[in-house]
Amino acid sequence: MTVLELDQVTLRFGGLTAVNNVSFRVEKGDIVAVIGPNGAGKTSLFNTITGIYPPTTGRVLINHAVVEQPATLQNKIQWTIIGVVTAIAVTLALNANAIWDAAINAHAITSPFPWGQAFNDACRVLTPSAWTIIPGLVGGFVGASGAWNAWRTARCSPDLVTRVGVARTFQNIRLFRELSARDNVLVGMEPKLHSRAWDGAFRLPPHFREQTEACAKADELLAFVNLGEVADVSAGSLPYGHQRRLEIARALASQPSLLLLDEPAAGMNPTESASLMLLIRKIRELGITVLLIEHDMKVVMGISDRIVVLHYGNKIAEGTPAEIRENPAVIEAYLGKEAG
Amino acid sequence: MSDHPTIKIIARFWPHALLAIVLVLPLFGDAIATKLTPIMVFAIVGLGLNVVAGFTGLLNLGAAAFMAIGAYTFAICTVPIYPFQIGFWPGLGVAIMVGAVAGTILALPAMRLRGDYLAIVTLGFGEIITDVLKNLDAITKGTQGLNPVAAPEIPFVTYSISAYKPTYYLYLALLLVAILLCHNMRKSRLGRQWIAVRDDELAARSMGISPARTKLIAFAIGSGLCAFGGAMFASLNGTSIEPSFYDFQQSVVILCIVIVGGMGNVKGVILGALIMVGFNSIILVNLTEWMTRNGWTGNNVLATPSNWKFMIFGLALILMMRLRPQGLIPAQDVEPVTQKPATAGATP
Amino acid sequence: MTTTELIIQLLITGLANGLIIALIALGYTMVYGIIELINFAHGDVMMLGCFLALTIVGLCGGEQLSPWIALPLLFLTVPFFTAGLNWSVEKLAYKPIREAPKLTALVSAIGVSFVFINIGMFWGGLPMDVFGGGGSAASAKSFPDLFGWSNLLGEQSAVLLTPRDVMVAAVTIPLMIGLTFFINRTRMGTAMRAVAQNPTAAKLMGIDVDRVIGLTFIIGGALAGVASVITALYTGSIHFQMGYRNGMDAFTAAVLGGIGNLPGAVLGALLIGLVRAVMEGYVPNGGQWSNTVVFALLILVLVFRPNGILGSRVREKV
Amino acid sequence: MRSWMTSTMRLLVGSALGTIFGSALIAVDTITIVSSLPRTGSANAQTTSMVNGIKMALDEYQRTLTVGGTNYSLTYEDWDDASPERGAWDPAVEAANADKAIRNPDVMVYIGTYNSGAAKIAMPKLNQAGLAMISPANTWPGLTKPNVGEANEPTVYRPSGSINYFRVVPADDIQGAVGAAWAKELGAKRVFVLHDRELYGQGIAKMFQQNAEKLGLTVVGTEGIDGKSGNYKSLINKLRLARPDLVYFGGTTETGAGQLAKDMQSGGLTAKLMGPDAFYNSALINAAGNAALENRVFITFGGIPPEQQTGKGKAFVDAYRTVYKIEPEGYAIYAYECTKVALDAMVRAGKKDRAAILQALRETKNYDGALGKWSFDDNGDTTLALMSGNTVVNGAFSFVKLLGQ
């Protein structure tokens, strides 16, 4: 079964093509590595997959589907409603003085107050004229187009991708520095949490139920990456190696079907990277597919089932570690022409 | 903070001591109570801003506008010149709701903006609100302000309006409720989302959090609290006061309340409100009176104590930030959001 | 007044006011670009500049002073004073807390602003004729009219163009061109742009970051000084609380154009000047809505261009 | 021993609390007068002069007063109802001031406030406590007069049902009418009404406009302007389009009156500028300079200006000049008069008792003070309706004529 499929993905920043027409597939249960010299477009590729930069052309299919908020009828109704509400609000606001004068100030404060009469008077003030209609229409247009614009920019966003089961780590560690290790994992669990704002504010039972369960799970995950001891320490004050592992635990917390690791072994010594390889294998045993970017060839060759090679944004090779090792194009890309 | 045991004890127990003092103070006379109630109101407004600026990291320079919305909503709902007259408690409820809706409306267009762009948009919103309140004079009576608005009341208890103690304890109770709510929210899923968005928005998005939604909720709750404070302030003064009271200067005071105490923690806000409002209404006033009484005054511009207020206030702010750049209670001293619940046993 | 004349008149007032705002906005936007601080005290630095200008004019003979002596005199002294003031503020109030959270510096700036306001008030109490003898320190002070009231287009013309409108343009426009040249073409300008982009990297490249920041405050202060002389001459009165409004307009302009972007700040300022001119000078009852319109415009622009009119999109490094 | 300790303790605690919270120790032989005025911020120039006026009144009595055969020492406390962070009056501070005054049994009279908005907060509180309040500067008619301001005014300010608020300055309805009549007399046919959108300015502009229309003047435009605006050059354009021959500005020198005068002159507008009593202070001349004002600005002012004073008024002005070496501001004489009438009422009451003093104030009739001979009417307003019309000549205010006779 294909977990991830890239179909002729191209990503351009202005004149710069970061990813050029790349296609490949990742099958369930595989460990796939993306390698390539610096600036080959690996991280850009990850960012495209996770929805940070939507591809300029081409498609990213996760579990056979493009992750995108569709412009459903519901969205269109939403924009219309926002437009209409803005229009009404602008019209009312611009005529608020007149309406209030007619409806409230014109009547004596009696009990009961003649609400019906007040409403009629208010409507009378609001008879159509250029002054009531044009600003309203402009406001409505701005409201609707603003809503559309907001939808357009948030159409493809990382949180949606995460919610369909893709989790990632970052090349330059991006933990929530002021949260404790456990809280970091709990944040990673977000897609699986359902309690409401008021549950937490008023300490209602759903909050406690979920909190207990989630904390237990978080502690389990921390133990899985050997960080059980530092659960209450703020993430920013953890040593580098711990932070790397915490990022992995946080990513695992969303129970992803696909895990993207961006240079997990960067800055690690051989012992540490060996234990990292062990960890990645353990993750695979949980049934999670892994896609990783890595420069450490020992790690890449040691654990990958398949390898994709990028060079200047183009895919130049794909295959098993053995095939890649022999591939002349790859050798050329890495070592230059003379060596080839 | 320092490791010295005395300081540790102070750091640990000052909230308890403060609560005890605040509970018994009115017994020494109403004079002090009358000075503390506005501080409580500003503490609530500060808590509201803290949700937005402290927890979620959105610099909001228009907190006073939400206070104004609360005060005016409350006033419109309760003044005898309008037919609504729904009374103190329903009035508070409506004020909170209108404040929350206004916060959401402001947040909608402001959602995608980076920190300082958001700051100027909120500042602009504040200016717009003061202008609108002034200009819609059929409703708000313009610069007259609306009065008399409903006075604070305690259900099933009747007391004379001039008795200050019931109001004092009512406001204290409301403040404690607000503190509790803020504390709970911060320790729940919502609090984690806010802080995650504040620390690293992109990472938070990659964890499945929708920053837009998180910020909207923060704005709604924060503005609701500010409006709550505004309504309480109006009720305390018996009038919605005038629109220009809720201007940028007021927003700056509220922002200072949040920052001086230490961004993003509830205790800090309380301390900030005590310092910022108390400094002016207690220390400066008494300093001036003391100087006047001792004849340290003259007709020269420099010899009039109240002419030095801006200077003292400004220098105090600069010094406070210089000596404790993280605020009086820095975020590092704050315990983790979610503590290990007793029931969740240690995993092997 | 014909429609054309009306439009020209509104353009004249709008642009003159806009250019003054632009000078202040440039100081805001430069400081922001470098250390991401909204320097609340900037408007008050300008206010103190105005007070110095008035003191100098007062010492040199008040109303009788010829503009050809006054202008060079003021432009040679006031900008130095404000530059020095801005520089010392940076050294005393901002530099020690540069590593602290951004908002700490903001509160510090608010504090500095309050101190300056107080100094301005005391300054107004100087026993000089131009300060009304110093009896009422807190009142607004008239700035002598060094330019007279003639209409350059002739007394019969419906359009009013005064020497001070011309002076505003004649001073600000060359200054802005010079500043652009400085930022884009000189070594120091390049260093400033480098620090704005990435202070750490700039430091590693051997740029003295502290010096660059100091220089930014000096230039921003000097611009505020020029702005203060022009404002004093143009509006003809000064007040110790004038810094707030001028500062707020300038800050809005800087954001509208894209904060950190120099041409953007000028564009934003001109836009604000023109909008205000039209609202206050033509639309019935527009004066009371001009703030609302300016800020609604700002919000609208930011909804569709979240980084301001000329601001470039900041791509976050992932 | 024990009782000695207790009393010492109480004394210590009392004095400590007293120093901290400003409630003075109870001293039997003191009568305290407090004023609550905005001492921080832009109104400072005006209020400093007012405080000077109050001090002069007290000094005339050598700070002692014999009431009903007992000698009391007079203390005066100058309270600020502004806060530095606002730079103007602050509702919380004003409310605290009122409460503080109520709770200090020595306080017999509350002089203030400067802003009518602040009065709205202090009035109901002091009314319930039965403490007399005399304002030297509030002019919003609704504070005392029914059927002029809002529908529920002034009853909202009198929860106890009786009157405790007095003012020695004529309210805006009188001034508006006087201004409009004078405008007509000056030959104005087309008037443009501006206001600063503040309580005071907007109120008086409205009164002026109503009366102007009644008198047959054409109001060619009304406009709320921004008192904090840097300059009004754009506004001048609008004025030029409307071609008024008189511009009325309901505003104060703190909200841009000087700047407006200046811009009207530099904008080539020949229309006259008329303004209410809040123009009548040296700050206006400081702000606009003589050239922009001389024979162009016309100011209505309650009572007779200092240099036209005779008798007690002249004595006050002369004494003020001697003591403070500067001219008194417009409201100084009102503050002085407030204090004098309060002291007079205390003597008439014959005892140190708030209710008695209040009653004596209500009964003030034909008081012969610095402002002339006047009484408090049933609303607590001064019967003084005499106003003066002034202009500026040679950098000083110059009396033109008496108005409202």
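A few points about this structure:
We just call them A, B, C and D in the order they show up, numbering each chain from 1.
One rule holds for everything that comes next: a residue touches a chain if its C-beta (ideal position, glycine included) is under 8 Å from a C-beta of that chain, and two chains touch if they have at least 3 such contacts.
This one's a predicted model, so the numbers in the text were calculated from it and none came from an experiment.
Note on connectivity: the fewest chain-to-chain touch steps from chain B to chain D number 1.
Chain centroids computed from C-alpha atoms place B closest to the centre of all protein C-alpha atoms shown.
Seen from the C-alpha centroid of chain D, the farthest chain centroid is that of A. Of the two chain pairs considered here, A-B and A-C, the higher C-beta contact count falls to A-B. Averaged Cα coordinates give chain B a centre that lies 32 Å from the centre of chain C. Our note on geometry: chain A versus chain D, Cα centroid distance of 63 Å, whole angstroms. Between the CA-based centres of chain A and chain C the separation comes to 42 Å, rounded to the whole angstrom.
For chain B, the set of residues that touch two or more other chains comprises 80-81, 109, 112, 132, 134-135, 202, 252, 256, 307, 309-310, 313. Shared interface positions of chain D, i.e. residues touching 2 or more other chains, are given as 44, 48, 84-85, 87, 197, 224.
In chain C, 114, 117, 121, 137, 244, 288, 291, 303, 318 are the positions where the chain touches two or more neighbouring chains simultaneously.
Interface note: chains touch in the pairs A-B, A-C, B-C, B-D, C-D.
Taken together, the chain C residues at the contact with chain B in this complex read 32, 36, 38, 93, 96-97, 99-108, 110-119, 121-122, 124-125, 134, 137, 244, 248, 251-252, 255, 259, 288-289, 291-292, 294-296, 298-299, 302-303, 306-308, 314, 316, 318.
Chain A makes touch with chain B in their complex at residues 50, 52, 93, 96-98, 100-101, 104-105, 107, 109, 113, 115, 146, 150, 153-154, 157-159, 162-163, 167-168, 170, 174-180, 182-183, 186-188, 190-191, 193, 195, 197, 199-203, 207-208, 210-212, 215-216, 219-220, 222-223, 228, 231-232, 234, 250, 254.
Within the complex formed with chain B, the residues of chain D that make contact are 17, 19-23, 39-40, 44, 48, 52, 77-80, 82-88, 90-93, 95-96, 99-100, 103, 117, 120-121, 124-125, 128-129, 142, 149-152, 156, 159, 197-199, 202, 224, 324-325.
Across the complex, chain C meets chain A through its residues 300, 303-304, 315, 317-318.
Touching chain C in their complex are the following residues of chain D: 41-46, 48-49, 84-85, 87, 197, 221-226, 228-238, 240-241, 253, 258-259, 262-263, 265-268, 281-283, 285-289, 291-292, 326-327, 329.
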